[in-house]
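My questions all concern the structure below.
All chains are identified by letter, namely A, B and C, in their written order; residue positions are counted from 1 within each chain.
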Amino acid sequence: MEQKLMTPEEKLQSLGLKLSPVRPVVGNYVSRVRVGNLIFTSGQGVDEYRGKIGTDFDVQEGYLAARQSMMNLLNVLKDELGELSRVKRVVKILGFVNCTENFTDQPKVMNGASDLLVEVFGEKGKHARSAVGMAQLPGGTSIEIEMIVEIEDPLT
Amino acid sequence: MEQKLMTPEEKLQSLGLKLSPVRPVVGNYVSRVRVGNLIFTSGQGVDEYRGKIGTDFDVQEGYLAARQSMMNLLNVLKDELGELSRVKRVVKILGFVNCTENFTDQPKVMNGASDLLVEVFGEKGKHARSAVGMAQLPGGTSIEIEMIVEIEDPLT
Amino acid sequence: MEQKLMTPEEKLQSLGLKLSPVRPVVGNYVSRVRVGNLIFTSGQGVDEYRGKIGTDFDVQEGYLAARQSMMNLLNVLKDELGELSRVKRVVKILGFVNCTENFTDQPKVMNGASDLLVEVFGEKGKHARSAVGMAQLPGGTSIEIEMIVEIEDPLT
């Protein structure tokens, strides 16, 4: 019952996780666009993990990188919505994993993002997902994730 | 006229193709999410083709892999909608082809998915599409495709 | 004030850029699908740049390739809408950069597309964006971009 009453922000706090300002966007684009009751985010890399999963980092480190990328996405949602409780459903995430040609555990890496979504939003956090392996990513980030979210009401 | 009266399921049967249960999802996500009159699917790989197009498989085998990936997506739609005739329009597919650095025939591979959509849905199956070449994919699958579909009515 | 009155087509003209017919689609798909007030495009490569950014082309050439890919996308929008002024907001672009395993400047390449959008549409051109590095792309194109656009009114 206690858990039911926790907001996503309280849930994050209970996990020892802190929301931060949105990472700066360098270029003629923005971190997200809202259209009706959907939010489309830009891809979010991570500053903490740069290099290829499979050589520079192992699966467990990749998991943590994906978790951090999702934190960066939650920062974007917080900035857009004010309150994360306005998320009605996480619709879709697409995870780009910077990896070697032989690395096939992209799903285990992306679980770092998926698990966090369900920890924070419960059933509403259950999303469609694709996980794929990339030749390289911006700034050498080990992961980049983009997200589509449905919100409760399309305030304008 | 006969063709006009065939349901997508009957069309599949006439092609000798059988719908199956949705492949199990391993992780904190789901095979699709419906938002309003849109369905966003997770990426669907194939179990039958693991390896790189260009070395392990040729273009024709890649075509068949893409066709199988689309069958897996149709299984997801069938599970969500009950009847495939509730598809109003296939909006978009994004095809990730697991290939060598020199392989540039991703479109010929993805035709395996596009052709099946039009065989089954006719004009409603004509979709926007991107086809790209990947360093590697989950479990070494030769292809992974995700899909956006518009449905007739947003039942809730 | 003069700038405010310019249509996107006039803006393109003032930049010395010319709209062209949509590049032919080879296969059972289409260059875009409209669903409600959204347009989802197919990925658009370029004919002028074939090869990898990082070896065959440098960042500045990649920027021009991305700008050309966006021109190809604007051709698609023009064909769909008649007037580009019917674009309400550019929602999202996803840029696939054909590059070497060591190339990490995908964002600088994609700025070629983002800058053009803002030059042509102003604030309405500010979009969410992902930029990623690919093993290879169709026909060896150096870049492929897909786009989601919101339009003013969903004419049917």
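Operating definition for what follows: a residue touches a chain if its C-beta (ideal position, glycine included) is under 8 Å from a C-beta of that chain, and two chains touch if they have at least 3 such contacts.
Remember, predicted model here, so these are calculated numbers, not experimental data.
Counting the residue numbers that touch the partner chain, subunit B and subunit C have less than half of them in common.
Rotation angle, subunit A onto subunit B, C-alpha superposition: 120 degrees, expressed as a multiple of 5. We define each chain's centre as the mean of its Cα atoms; on that basis subunit B and subunit C are separated by 25 Å.
Looking at subunit A, residues 94, 101, 134-135 sit in touch with two or more other chains. The touching residues of subunit B, when paired with subunit A in their complex, are 26-33, 35-36, 40-43, 94, 96, 101, 134-140, 144, 146. Considering their complex, residues 37-38, 89-94, 99-107, 110-111, 114-115, 117-118, 125-135, 148, 150 of subunit C touch subunit A.
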